[in-house]
């Protein structure tokens, strides 16, 4: 029974995390505003003027999606999950919950004099996410909670790949001091980078 | 273990997609406004005057529902899911997330001078959805990621059925240039068409 | 494989329905307003004055919860689910999605001159829900989609129990013409009735 | 079939509860406001001034998360679930649904003259949650609905651990009469306490 109990535990933690990830990215939509409500504004032009909102939405959507795919892959490697790791996962989810708010900050302020401050908060949030992520993985691999049939070298290569995240977001944080738009573009590029490298190299897994 | 690992992967992608689909159609309700808040307006008459909001809600609800049923059926045919397909699925979900916003545009503007612009955005969004959908299916069938015990002819007939979607939405897009209401009606009819044809013809599946 | 395919289909329809039910009742909370925002209003007194909002929330919450428990029980009896039934289930979910809006109507208008109109809409919505519910069950039992090891008499007794729903809501609809509060109380009592009778009598099931 | 039927019942109740828990904590984010919208306010300073909103969000997030982990652990011990317990679980979920509203009350009023009233409502809500929780567990253990292979002593020790909850929240309720901030800090400390003690002592489970 012990085995199935643990499997169920992983299952519910995955389901709960999926819920938070899915709601957070769906909630992004409530920040979009109907430009037709302002009298005398052409709808198409109004939507074009809202481009920072769409740009921030797409950047957050893909960053969180990439993180969900990574979360999903990471959990296929986990043999067992204890309460401590559930709370580490909870801390990760807290930051995921905050992403729609940081997205609103960027969307509202990207064309104002406070654009750089908003971008700093945005980059800082993703930096926090990636640091917690690396801590979670480090703790998993150190405490031998990873399935036994996964190649040691594969685990290390995954750890190296994850450690690129904080570098990207520190860079975005520094850039946000000079240019808000460039900082958000770097965060979008980080998502593209992870989307490309996230493919699991099957050959490096033992059969 | 490989088999069960892949099965779990499909499972979580389905659960995540279900969350986004379900949440997106439930969020539609927050656009409905209590007409009783405007002083001196009769509640029944106020609700009747809000018919564009209900009409757009029902159209989006059934279109997304039909898409969910199709997504559900499509995933029963998938043998395996790789990271590339997870991101293609993610792109599909991004457009699903945007549907409540496009619904608000139609609901707010159907009786104003910007009705046709709103209908164009609405039809354009569903066109994008159906194009991504067809791309996803094309990529699945090309890359042999479909279960082996499904009849080749059935796969091709499903592909033909899916390809009707873009035709409907291109038609709705063209019509939106002349009449917004007619354009939305076409989109509702597309949902009815897919609801009728979505029934899986059991006879064409190999046992 | 046929069997497991069908089982998976039921599984995802249940998961999707669960999502819509769960989001709809959680969304009820966004209608509650902080009375502390109005200057000079005591917080406790302000919350007490908001009792129609809490009353409507609790009534809707328990009605939808009872319906979810019933949905859950109903699905344990279903042997197979086809596309037609998925859409019947979708129609049910559409009305579930509308319940937070009907709740807002009652919450906002219970103490105004439009209370009876709001209660009529509220009762009408639950009447529609229960009629669709009965149609779904009738269609399931007529088309032999119920598990074979369930006693015929049990199926008929369940049908009789479900048919009480529309009676309750027609009564609430008639009463709403005279007194809004009494009408909502009847709907709350209907939820209590179903909560008591929803217990599955194990003895009437064949082993 | 009986066994698998019951297992499915627990499964859907868990999935439904997960949905409500996950959605409730994600909804917390919509209360955060962009300080950049007020002209002339520095974004960083504005966010700092919003600390009560972040503080209340974090407190509620971790309290509900701890409760979810506990709910998760509790359900691994449940052998069977009947309709009565589904409704007891429903009552628990009703209070969970109200937590984002109580969080808004604290966030909005922590720096106003009504801070203590808001803290009283907040502490009262968590007191209600912990009382329902203990009632649920008492009813489960009394009615022999717990898996047979769990040690009696472990069940009793879990019951003792749960009974600490109401003590914490009664204390927070009393303190709220004197100091709102201290009351919320106590609730945060309660979450920390449960996070530490929630680890399942494996040794006390029979193999």
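General observations
Each chain carries a letter (A, B, C and D) given by its place in the written order, and its residues are counted from 1.
In this text, contacts are C-beta pairs under 8 Å (C-beta built on N, C-alpha and C of every residue); 3 or more make two chains touch, one makes a residue touch a chain.
Since this is a predicted model, take the numbers as computed values, not measurements.
By the document's definition of touch, common neighbours of chain B and chain D comprise A, C. Averaging C-alpha coordinates per chain and comparing to chain A, the farthest chain turns out to be C. Copies chain C and chain D of the same chain sequence form an interface built mainly from non-equivalent positions, shared numbers / all numbers used being under half.
Superposing chain A on chain B by their CA atoms means rotating through 90 degrees, a value rounded to the nearest 5. Rounded to a whole number, the gap between the C-alpha centres of chain A and chain D is 25 angstrom. We define each chain's centre as the mean of its Cα atoms; on that basis chain A and chain C are separated by 36 Å.
Multi-chain contact residues of chain C, defined as those touching 2 or more other chains: 15, 19, 23, 30. By the touch criterion stated above, chain A contacts chain B in their complex at residues 14-15, 18-19, 21-23, 25-26, 28-30, 32, 34, 36-37, 42-44, 47, 58, 61-62, 65, 68-69, 72-73, 75-76, 149, 195, 198-200, 207. Note for the complex: chain C touches chain B at residues 1-2, 5, 8-9, 12-13, 15-16, 19-20, 23-24, 27, 30, 82-84, 86-87, 90, 93-94, 97-98, 100-101, 104-105, 108-109, 112, 114, 117-118, 121.
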